[in-house]
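Each of the next two complexes has chain A plus one more chain, namely chain B in the first and chain C in the second.
After this line comes the complex of A and B, so read on.
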């Protein structure tokens, strides 16, 4: 009965999803603010989520995808730029998941920011961010993608620097913008190359035209863009610094949606990378280094939000590894499952932080599981899902990536790094659980501990359901584009599990050692290296500022005046003359030895010339 | 009273307090911390009756160096302290009181009692300003003030100098 109306339903629901998101923004600009504007925004996103479920289910059932051109924006022939939205596998599933996660986070933000004077503005910013993310994800041409890309970057800046009275928050926002800008250079390089060589920015056309071409340059550009946006090693310091923003911002932007935009770009434009081994290897190595380094940094952090931020960075490295293995679908699945449990971990952290009166240091938390049972349970579920516990959400994606890693032809070094990083994941997850919810209480006695608020409980419960069943659902309903390696030795199949268990056991031992406190502090070198983030931010921030300034100073003061007007002109010639004159005067000092040696040398040269010529 | 130079006692006590705080950052569990804190106290108490200032200064220097080598890279800082996570967080919401003068008369008419009282307080401020400045000029030494603390009101019927800035400071947590 509905079959012949499915396409109409599909497109209508998708259009309605977008309109429901844009409506509050337009309303805020046109009329006076409503009584309970945050509730209205949350309800809009909730309705948008339910509306987006219909096309997702239609897609999962009938594999219906669509590409809609809404409006021809520019036509500088032959380049045509339209407002066109592509609803394929990646964008539709990601849309539903992003809307689900955003709904939960907005509901949580109603509790977290309820004492904030400018809560309406906060919700408006979050909604603008969500719209930019939707534009990015559904973009069918590079220009629209770039609009979404820049949009999420700007909203990230505004939201990280929400409390702009704080110096650290402003520094963090600047870091985010500058590191993202360096990545944008790559994106612009790719866009320029595509425009010049393909005369088009339309993604479908580009895939057809670049089928057998050497796409190293745009692929490298896209890799740089992903490096900047997804905090890969080299452009990663902005992500832990971005924890200066309020917890809902960290949960939405810097764990589930914005930071995966870089990986999403690589997934969407995967045909450029498919046949290019150089770029794939680069992505693999970059991902391996990122996941190892950031997991190592997370081992000694003491701020709960920073540990979760490094955990995000490590998982992003794992997604990059999946892309380097030529398995974009596994990376996409990891994006989807990761969104659930990471957002939930951030919401749990936010609940704990507010309950302990803005205390973020795990050294002053403890025994939370007795006083905040729901929050600590969900934190545990999130950590287990993160570690890849069998049959929770993270297992399906993470285990698949590690299996693909084990059964591919690649360098053993990348493999080792990723496996060690997987065990580190278990270690720092246990670190959070041990210091926050287990062991003795170290918090202040009169803390306003209260999690008995539906605005906290409902979002966390929803995301907990997602963390448990989302992996299973996605795994069952989405067929992989590339056939996975099905047969492998038992040891390879169980590698991820063994490595995580090993990490867990080591972490338990370490926790026991910490409890005994045999010596005051651990090995300084390793601990300090990990705690200070490898000294990377400290060296790079100062070096990158100092080098151009020194270069500029030398250029401005010395190069023009000294080099060109002095050295190239009078002084240079004078120096040359002086040297020559000195040498000749040396020779004519009246020393017989000098005369004799010159005579012998000249005789030798003349004899050699006579003999050989 | 606070002065320009620190006494030896102040320096030792500052070293003791910051070593205790860094020890707390290293030894997370309270019972283990108490054990090591007692050891640290014993280290300080060993030389507490030393009368020779030269030796005491050398010991202090050695102590500072030991502190520097064994400090925690991320010491625990209270959230509202400088360097903490919620320090200066609400600065952006703190509005200075002179903005109240820029309100529109219709807005001011919504709170007539408050603004009437505010006019009286402003008159009082204008009257006592001259006397506050005179008191500060008399009490400040010739080469500049030695401390940041302000003196109290000395004469009968006077208000403490710069009282208006203190009284009209914004709330700690703006509503």
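After this line comes the complex of A and C, so read on.
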């Protein structure tokens, strides 16, 4: 009886999911704010999650996907832009996971932002962000995707600069916007190319029509867009800077949902990249460099949120590597599992920060394990999942990617960088655990340590469950689109594990050295490079503004304006006239002898000339 | 000066020029020129101060030298061609004659005496120097114009306009500015002399009118430098307004009458395939225009900050308004009747 009503149920639940999210926003525009608006928002998202579970489970069971066209928005023949939503493998699973994670984060934010007067606005912003992300994920045409893309970008700006009285926060928000904008150039390039050459922005149509075409230009554009949004190397500094925002923002935007939008774009539009080796190689190398560089930067950071941010960036690089290996599904799996444990790590960090009276420096934390057991346990679980401990969530996705990398015929350099980055992951995870929860306490004595609040415990617990079992569930129920290489030598199979273990052991040894002085002055060259983020922000931010300004001044002001149009024109002529007028009047000195002699001389010369010519 | 002596001098002045006009014998023409020179010297030294005496001396020296060269040239011509007729001048000495006349007129590169002389004498005598004294030599020049090599006249004309332009830029004394303006205008006159003497006459006519207007204005306003021009707007507002326009007419701007000769000369030169010359003449007229603009700027376009009582200067009386008003009207409004004026010459 249920079976033949399955399609209607499917679509109804999906529509209901979207409506449940939009309802609070509309309500806020129409009436006065409710008494406990944050709770209302959290409950809406919770309801939305449970509603979205139904279609997801239907999909996992029957592989039912759909594509709905709601409304014809614009018709500029032959281009037709509709409001259409695509509910396929990627969007449905991501929707459920995003809603789950957002629910937990909203509950945590009710605790974290409790003392903020503008907490209602905060929740509205988070909800708007979620809606934009949903629009992006379910978009069936490029226009709608662009709407969602820009939506998440602007919400990121507003949320990073939440404490706008702080200069650093404003600068970070500005960085986010500018770097995202640079990436948007790529997206617009791709959209324009597709519109001109394919006459359509419908994703299904585009896939069919570009089957045998040379799609380098849009693919490069999409890669640039992903670079900007997902903080790949070159456009990466905004992500660590975005930690100026409140912890719920970091947890939602900059670990699970927004930053994966770039990767999601590449996953969704993967057929453009499939046959294009240039772009795939570019993605592979870019991802490898990103993961290595950001993992190296994370090794020496002292702010707990920055370490987690760099960890996010490193995992994003890994996702890009998966794309470069022509395995979009593996990247998607990693997005899903990564969302759980990264959000949880941020929530644990937030709980620790608030407990230590807004202390974010790990050098001033220690021994948290004894006073905040739940938080530090979940932090541990998250770090283990991040490292790819067998059979936790991260293992299924991360190990699959590294196996695919090992058994491919591609770039060995990319492979090496990725492996080194994997070991670095273990190192900085150990650094967090060691400095935060192990050894002795370095915090201030009277810190308001309290994790005994259901608003903290429940979200973290939920996400911990997700970090443990999500990988297993997803792996079991999703069939691979491309055949994976299953047979390989034992050493290749165990590479990821061995490398992580190696990193752990080395990190342990290094941690034991923290209270011994081996040399009088330590050699800090590599430390400085890593601590200052490779000096990338310092050079690029100044260079990128200085170069155009210098160019403008030399070319436009000095050369064109002042030289050509002034010197060659009015000023130059005026100076010339001045000189000549002076010369001519200087001859009039009042001596009649001079005058008469010049007169006679001219007479002679002119007469002679006339006679002889 | 005693009225009798003034009468004698002025009559001699008139006699000299008329003699040169009516003569067809070179010696008689030369005599007329000499009478002119001698008659004006006492007029110059009317006020016995060293400046005027110096100016008169310089004038006398240059004019005498020029007359001597003219005499030499005419005698050579008589020896060469056997006759003293002015119109039948056909000897290689026409160049020398032209240059002698050029010295008399104050054409570059023999212009050096003109600014100093103008500065040393009173403004009315300056008026005579610039207008009446030009008539006799120009009459001679026009009569021999068809025998002179055209390149010489063109080059002299170009040099005059250019030097008149640049020289006037660096001056603050009104009389010197008018001297350089005279040099420039004479350059225009002689540049067209070979091709169409009628146009030279038109130019001379218009130039005389404009210059007389300006000199009479400056005489009334009694300001020797540009700075002192600035207070004149309260002495006579009408004069300030119209003399600004008259200066622009001197500069050759349409729709004022000063544009007429320039336009016709440029047209004629272009018809004679001398377009670059015409361009250069026109460009150098820009230089003169600049210092005329400067004069009109301080005369009427700006108001000098002065005290309130000074703005009520009411006792400037013009005893003989007719000449100035007549000349002013002719300076400003004769452009539409260009064909009439051309037909006069």
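Simple rule for what comes next: the second predicted complex is superposed on the first by the 555 of 613 C-alpha atoms of A that agree within 3 Å, B and C clash if a C-alpha of one lies under 4 Å from a C-alpha of the other, contacts with A are read in each partner's own complex, and residues count from 1 in each chain.
Note that in this section contacts are C-beta pairs under 8 Å (C-beta built on N, C-alpha and C of every residue); 3 or more make two chains touch, one makes a residue touch a chain.
Everything quoted here is computed from the prediction, not taken from an experiment.
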* To do: For A:610, select first, second, both or neither according to whether it touches chain B, chain C, the two together, or no partner.
  => second
* Touching A:303, do we find chain B (first), chain C (second), both, or neither? -> first
* Asked: What is the contact status of A:528 with respect to chain B (first) and chain C (second): first, second, both, or neither?
  -> first
* To do: Based on the superposed arrangement, let me know which partner A:409 touches: chain B (first), chain C (second), both, or neither?
  => neither
* To do: May I ask you to decide whether A:358 touches chain B, chain C, both, or neither, giving the answer as first, second, both or neither?
  => first
* Asked: Comparing chain C with chain B, which touches more residues belonging to chain A?
  -> B
* To do: Quick one: classify A:580 as touching chain B (first), chain C (second), both or neither.
  => second
* To do: State whether A:594 touches chain B only (first), chain C only (second), both chains, or neither.
  => second
* Structure fact -> Dual-contact residues of chain A, meaning touching chain B and chain C, are none
* Structure fact -> Listed in rising order, the residues of chain C that touch chain A in the complex are 57-58, 61-62, 65, 69, 92, 95-96, 99, 103, 109-110, 112-113, 115-116, 149, 152, 163, 166-167, 169-171, 287
* **Parts of chain A lying in touch with chain B, wherever the complex brings them together** => 115, 117-118, 163-167, 301-303, 357-361, 363-364, 435, 439-440, 442, 514-517, 520-521, 524, 527-528, 531-532
* Structure fact -> The answer for chain B against chain A in the complex is residues 23-30, 32, 35-36, 70, 72-74, 76, 79-80, 85-94, 173-175
* Residues of chain A defined as touching chain C within the complex -> 577-578, 580-585, 587-588, 590, 592, 594-596, 598-599, 602-603, 606-607, 610-611
